[in-house]
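Here chain A shows up in two complexes: once beside chain B, once beside chain C.
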Partner chain A sequence: MEALSIWIRSNRAFLGFIVRFLVTFFVLSFLYSLYLVVVKRNGDLDMVTYWISRLSHETALFMGVADCEWSCFLDGCYVGREGRMVNILEGCNGLRLAIVYAAYVIGIGGWTWRSLVQAFVGLFVVQLFNVVRIGSLIALRDHGGDTYFFFIKYVFGVFIYGSIVLLWILKPRIDQWMGAK
Partner chain B sequence: MDGGQIAESRRFWLWSVGFLMLSMFVSIIVGEEKHALGFDPLGIPWVRNLYAGLKIALGIAYVRIVGFRWAWVAGLVVFALVVRTFAEGTFTVALIGAAMAYRVVK
Partner chain C sequence: MMIAAALAAAPVAAWAQVDGSESLFKASFEGMFEAPAPVVLPQGVMEPNPPVPLDGGAILLLAGGAVLARKRFKG
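Up next, the complex of A and B:
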């Protein structure tokens, strides 16, 4: 018992991070899951997947994909040229990843206004990375064979996860920009 | 803090990026096989268990290599598994995040 309390005392800072991370993560995940249940019950597609698909479509058009089509159904959206479409499902919308990002930011910084602003802005930044990733995938879908597509898909997969880690690395600097001592 | 002798900064980041890239590679291969086969191979229990076992083994190797003691390795992997249970595709990033957080708050 004594050893346990010594261990808790010596690891208080890290345990604090774990608690704040998990509380934030569970609250945000619960709210998002609740939203998905309501949306499904109403027979709609969730707005996050809808907007990610729509903006990815715009990105692909911006990158010069002619005849780029976009259609959404209850289970997700299809974006791209006929016959070479990319299927964007709820799991691809990046929001769950953005929730993990936000939980880390609050886990490290606590429930301060700086952390909340960073978490909120970060949600959009991660989604921006995701839109660029999917838009580029759609644009590059027409080029090369399956190996090429596999390579691109891999690189962009690392890109979205790497963007999260990069934002975490930049967190101390962002804190400084926001006036933290 | 008694997580162990955590790797110096440069080595830590190299291992973290390496782990992220390797873990992503495994995920993408499984995802591509799904398209090639026309069905989800993770629907087969032994394939799913093998895949999960491989990802966990990679995670254990990563956390151990960056310098955590075995008890901490177990704790961090359990933490990442809890996160992954509620948000698919987040095991790797949760594990890296926990290792990063340890360095930051230490």
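Up next, the complex of A and C:
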């Protein structure tokens, strides 16, 4: 018991982080889930999946995918050339990962304006990485071959998680840029 | 003043309808007071979701964040 209280006292900062990290993650996830329920009840597609699909379509066009089509349904979107389309579902929109990123930033820095700005900007930066990921996936699918399956299974997963970890590692530097001591 | 003007204009408008320009008069109000038909997105068109949890990596990322923070606070 004594050892536990000593451990808690010596790790107070880390435990504070864990509380802020988990509370922010669960609150933001709950709000997002609530939004998804409302959207589904209205018979619509959520705006995050819609915009990620739309921007991925633009990215694929930019990457040279000719005749790239884009169509959305209640449960997601199809993007790509006829016969080689990529299925973009709600789980692919990357918002849950962006929420984890924001939770970490608030967990480390607390509820300060600096953290809130970083979390808000980070949501867009993570989504930008996600758009590049899906756009490249559409281009690879269009290119054909087995590389698509390799990339979807390994490379792009590492790419999106790696980009978030990279932003976390860069956080002290971003704090410095924002004038933190 | 405006009400009086509207009352004065009403017979003129009624006459305009009778006077052969009825179709033109009707056309100008066509669809003006009708609610637009809601766009219904098709359902069940897409293939079923893959059997793996798509956001399973979020749990891994949470654990990674905790490890990174632990290192940072120790440092």
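The rule is short, and it goes like this: the second predicted complex is superposed on the first by the 173 of 181 C-alpha atoms of A that agree within 3 Å, B and C clash if a C-alpha of one lies under 4 Å from a C-alpha of the other, contacts with A are read in each partner's own complex, and residues count from 1 in each chain.
One rule holds in what follows: contacts are C-beta pairs under 8 Å (C-beta built on N, C-alpha and C of every residue); 3 or more make two chains touch, one makes a residue touch a chain.
All values derive from a computational prediction rather than experimental measurement.
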* Asked: So, on chain A, is it clash or fit between chain B and chain C?
  -> clash
* Using the touch definition from the top, say if A:L128 reaches chain B (first), chain C (second), both or neither. => neither
* Asked: Given the touch rule stated above, what does A:I108 touch, chain B (first), chain C (second), both, or neither?
  -> both
* Go through the superposed model and pick first if A:G91 touches only chain B, second if only chain C, both, or neither. => both
* Of the two partner chains, chain B (first) and chain C (second), which one does A:L45 touch, if any: first, second, both, or neither? -> second
* Asked: Of the two partner chains, chain B (first) and chain C (second), which one does A:D75 touch, if any: first, second, both, or neither?
  -> second
* **Contacts of A:N11 with chain B and chain C, given as first, second, both or neither** => both
* In the superposed arrangement, does A:V19 touch chain B (first), chain C (second), both or neither? -> neither
* Asked: Thinking of the overlay built on chain A, is A:V165 touched by chain B (first), by chain C (second), by both, or by neither?
  -> both
* Asked: Which listed stretch of chain C (1-9, 19-27, 37-45 or 55-63) steric-clashes with chain B in the superposition?
  -> 55-63
* Structure fact -> On chain A, the footprints of chain B and chain C overlap at residues 11, 13-14, 17-18, 21, 25, 91, 96-97, 99-100, 104, 107-108, 157, 161, 164-165, 168-169
* Structure fact -> chain A residues touching chain C in their complex are 11, 13-14, 17-18, 21, 25, 43-45, 72-76, 78, 87, 89, 91-92, 96-97, 99-100, 103-104, 107-108, 157, 160-161, 164-165, 168-169
* Inside the complex, what are the residues of chain A that reach chain B? -> 7, 10-11, 13-14, 16-18, 21-22, 25-26, 29, 91, 96-97, 99-100, 104, 107-108, 150, 153-154, 157-158, 161-162, 164-165, 168-169, 172
* Partner chain A, residues of chain C touching it in the complex -> 40-47, 49, 53-55, 57-58, 60-62, 64-66, 68-70, 72-73
* Residues of chain B touching chain A in the complex -> 1-3, 16-17, 20-21, 24-25, 27-28, 31-32, 79, 82-83, 86-90, 92-94, 96-98, 100-102, 104-106
